[in-house]
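Residue numbering begins at 1 within each chain, and the chains themselves are lettered A, B and C in the order written.
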Amino acid sequence: MKRIKRILERTIESILTVSGAVTSIAILLIVIFLFKEGLGLFKSPSVEKGYSLYVNSKNTVNDLDVEDIKHIYDSEVENWKELGGRDQEIKIFRFEEIFNIYSDEELGKDYSLLPEKLGEVIIQNPNIIAYLPQQYAPTDIQGVKALPSKDISIGDFFGGREWMPTATPSPLFGVLPLILGTLIVSIIAILIALPLGLGVAIYLSELAGERTRKLMKPTIELLAGIPSVVYGFFGLVVLVPIVQKVFGLSVGETAFTGSLILAIMALPTIITVAEDALRNTPRDMREASLALGATQWQTIYKVVIPYSASGISAAVVLGIGRAMGETMAVLMVTGNAAVMPHSLFEPVRTIPATIAAELGEAPAGGAHYQSLFLLGCILFVITMIVSITAEVISKKQLNKGV
Amino acid sequence: MNKKLSQRIAFMIFRILGLMVVGILFWILGFIVYNGIGVISWEFIFSAPTNGMTSGGIFPAIVGTLCLVVGSMIFAFPLGIMSAIYTNEYAGNSWVVRFIRIMTNNLASIPSIVFGLFGMALFVNTLGFGDSILAGSLTLGLLVLPLVIRTTEEALKAVPNSYRTGSLALGATKLQTIRKVVLPAAFPNITTGLILSIGRVSGETAPILFTAAAYFLPKLPSGIFDQVMALPYHLYVIVTSGTDIEASRPMAYGTALVLIFIVLLMNILAMFIRRFFNKKLKTN
Amino acid sequence: MIEAKDINFYYGDFHALKDINIKMDINTVTAFIGPSGCGKSTFLRLFNRMNDLIDKTRITGECIVQGENIYDKSIQVDQLRKKVGMVFQKPNPFPKSIFENVAYGLRVNDMGDKKIIAERVEESLIAAALWDEVKDKLKKSAFELSGGQQQRLCIARALAVSPSILLMDEPASSLDPISTSKIEELIHNLKKDYTIVIVTHNMQQAARISDMTGFFMMGELVEFSETKKMFLNPEKKETQNYITGRFG
């Protein structure tokens, strides 16, 4: 009996040991799955899988990058000359058009003659560009040239200024507007929340009586407990119309509205962390200042705030981290236009909002799906950096002093 | 420059800021309560949405949120408590504990949408659970794991060391000491972790967007592989993409009120339990 | 002259000081000794109203500094504190440069322009016998100084605002013997310009540096007399017990 008991005890202890590592394992798994899916994007072709672009072999253009393809299909580039080719107008040929030219009979049983006929069309039109499924591709036909298919590059992703993941033939995964949108919305949010939060933190730690403090701190904690979707709802119904009216805009869903709601949401974090930092200022430091005839306010801004500067910056960093990762509220009030932001009073799209808005429609395993995971990776890396930075900064606070 | 005057001005500003923040809280709460209270009725709580979610109730969403809460707690609670017991009672203060603590902090700082992505990749696709209560619960469970670990650790730390030495001195093994002395003493505070987690899980939207939540389901779930409606997601869809957003506005206020009620109730409950039992531990 | 009349002081319900009456002359050093918790530090902190910072404290009686009752409603506390400097138990420089530490009091009290401040800083550091050691590194952080130097910096900081009274709360208790003797020498030199009140747990120190000594016990001023007399021939039995217990 005793042996069984001891074995049982050992077993339980090893289970405890394993579960001790559970968060580390979880992070490891998150890294593996996020990056496995996300990095797949760079192995995806820049045009949709299973499709290729074909031109007449007399065409001197041998290579098109993603932006060029988009410009052609948006009719922004209409002459091959602009792409380094001959001076002739670009003729866009869509796969469906073949059925207007040839009847089903002419295309043969099971469309067996389709590649041949497509080839003919291309040969007849030296200025053509055709976007065709590889299944029916006019390969091995004299006079037809396939443009080489390239993988989506890291440069396209991080340097691209356009995010159009569902564009055909080649979707654009330029993440710049999203990164900029995220940064702008969160930084403005912190700029709004910091003076407010710091003021309240000073009030709580230096001015408020014990009873006020005991009442206000839990109240502020409750503010942190409200679900973000409720903040989003409040933002949409209350703040959006206010912003629209006050600034005379055509739409109220703007970067600024997002910043406002994020500022409210970041307040509890900033207040709590900054208040802790302020209260950590040693009592003798305050007394020394007061003993020299400084007023309480002089003591606060000349001694207490400089002393707790690193704690306050940790609060700011944590606040920014929270704001950058916030999804639902931002999704609901920023208008979600994935364009390079020019002004605070235009709709923008943040990284988390993009994931939330698009993942539902992106087929699993496709380039769009992978690109959203890559956005997740970016978000993950950013929050890791933020969390580590905040930790380092607050360590510095502990080591300071005599 | 009169330093007295500048102090008076500065302090007045801080007082106003303090009032402002409290004001904001009451503005939000007041707004939801004022608009939502009229919608709440037995019918609203206990019937399904009708007419394209412009009328009826939110019963399936309440049930769905309940399923997710229970599911995620079944997963996160034992695991989190065991992890906290390990770091607090067994591992001492080695680098292992420091590493685990850093990892727990990092896990806590990951945005909830990233949990959603991960849950979709692992639970929905790789393990093939599909959009389901199971996948959603696991994702949410992972999300609240750091919260459970942190509150449990705090609860264990609050147990005086004399309890442990007293038990060990009587010949009890370490595990017996933990089971018979430490855990019972820490139990009330551990439950605050559970309650706070319930509050957190009931309000999260982003992690369940792609792992569990359904836009509209006419019937209640029958098993753990079913999709469910959930309160926060329901609020999101009727506000942004319902069939008739204007007509479903009252439904939205009602849903928001129920949601806030659940979440704040949990937070306040946890606050009281903590205050009450900490006093008790101290006087012992 | 500093005078306390019928001082009673309470922390909440705790009666910390009981019916204290004392007079101290200008340009003297007065030392307060007594077992820890006897109220000597509390009493010292009455004279620049530092106890105001603690919640739930109450005082009755009068504290007269230069002819004014400093607990009178018309008194401006910051002006009082400018006049009554204080040096604390542990060196507590601000996380600023050496120069800025000394200049701090001048700046918060708007005492002069850049040039005057620079002069005052130099004078104060000279007076605190620190100038030669720091004159080449005034911009360096005050935390780079040794403990003894930090404490002299704190004295210089207190001197800069030209107080007439200097309160010292066990200023050498956290220092090594060499730094301690430097501080004692400094106190001796400062006596000609300042009235100094010092709390110490070190009776030899009190005997070395003070003109008058007060012995506190359980919140009461048991005995107050010339230092020589106090240590050689105390009037009260409690004083004798304490002194011999410590010396013996």
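Everything that follows uses one rule, which is that a residue touches a chain if its C-beta (ideal position, glycine included) is under 8 Å from a C-beta of that chain, and two chains touch if they have at least 3 such contacts.
Note that the coordinates shown come from a computational prediction; the quantities given were computed from them, not determined experimentally.
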Shared touching partners of chain A and chain B are C
From the centre of chain C, which chain's CA centre is farthest?
-> A
Roughly how many whole angstrom separate the Cα centroids of chain A and chain B?
-> 25
Distance-wise, how many Å sit between the C-alpha centres of chain A and chain C, to the nearest whole number?
-> 60
In angstrom, rounded to a whole number, how far apart do the mean CA points of chain B and chain C lie?
-> 54
Residues of chain A engaged with two or more neighbouring chains | 295, 298
Which residues does chain C have that touch at least 2 chains other than itself?
-> 78, 108-109
For chain B, write out the residues touching at least two other chains, lowest number first.
-> 3
Of all residues in chain C, those that touch chain B in their complex = 78, 108-110
Complex interface listing, chain B residues touching chain C = 1, 3
Within their complex, chain B touches chain A through residues 3-4, 6-7, 10-11, 13-15, 17-18, 20-22, 24-25, 28, 31-32, 79-80, 82-83, 85-87, 90-91, 96, 99-100, 102-107, 109-118, 120-122, 125-126, 142, 145-146, 149, 173, 175, 199-200, 202-206, 209-210, 232-233, 235-236, 239-240, 252, 256, 259-260, 263-264, 266-268, 271
Residue ranges of chain A in contact with chain B within the complex | 9, 12-13, 15-17, 19-24, 26-27, 29-30, 33-34, 36-37, 196-197, 199-200, 202-204, 206-208, 216, 218-223, 225-234, 236-238, 264, 267, 271, 295-298, 300-301, 318, 321, 324-328, 332, 352, 355-356, 359-360, 364, 372-373, 376, 379-380, 383-384, 386-388, 391
Would you mind writing out the residues of chain A in touch with chain C in their complex?
-> 210, 282, 284-295, 298, 302-303, 306-307, 400-402
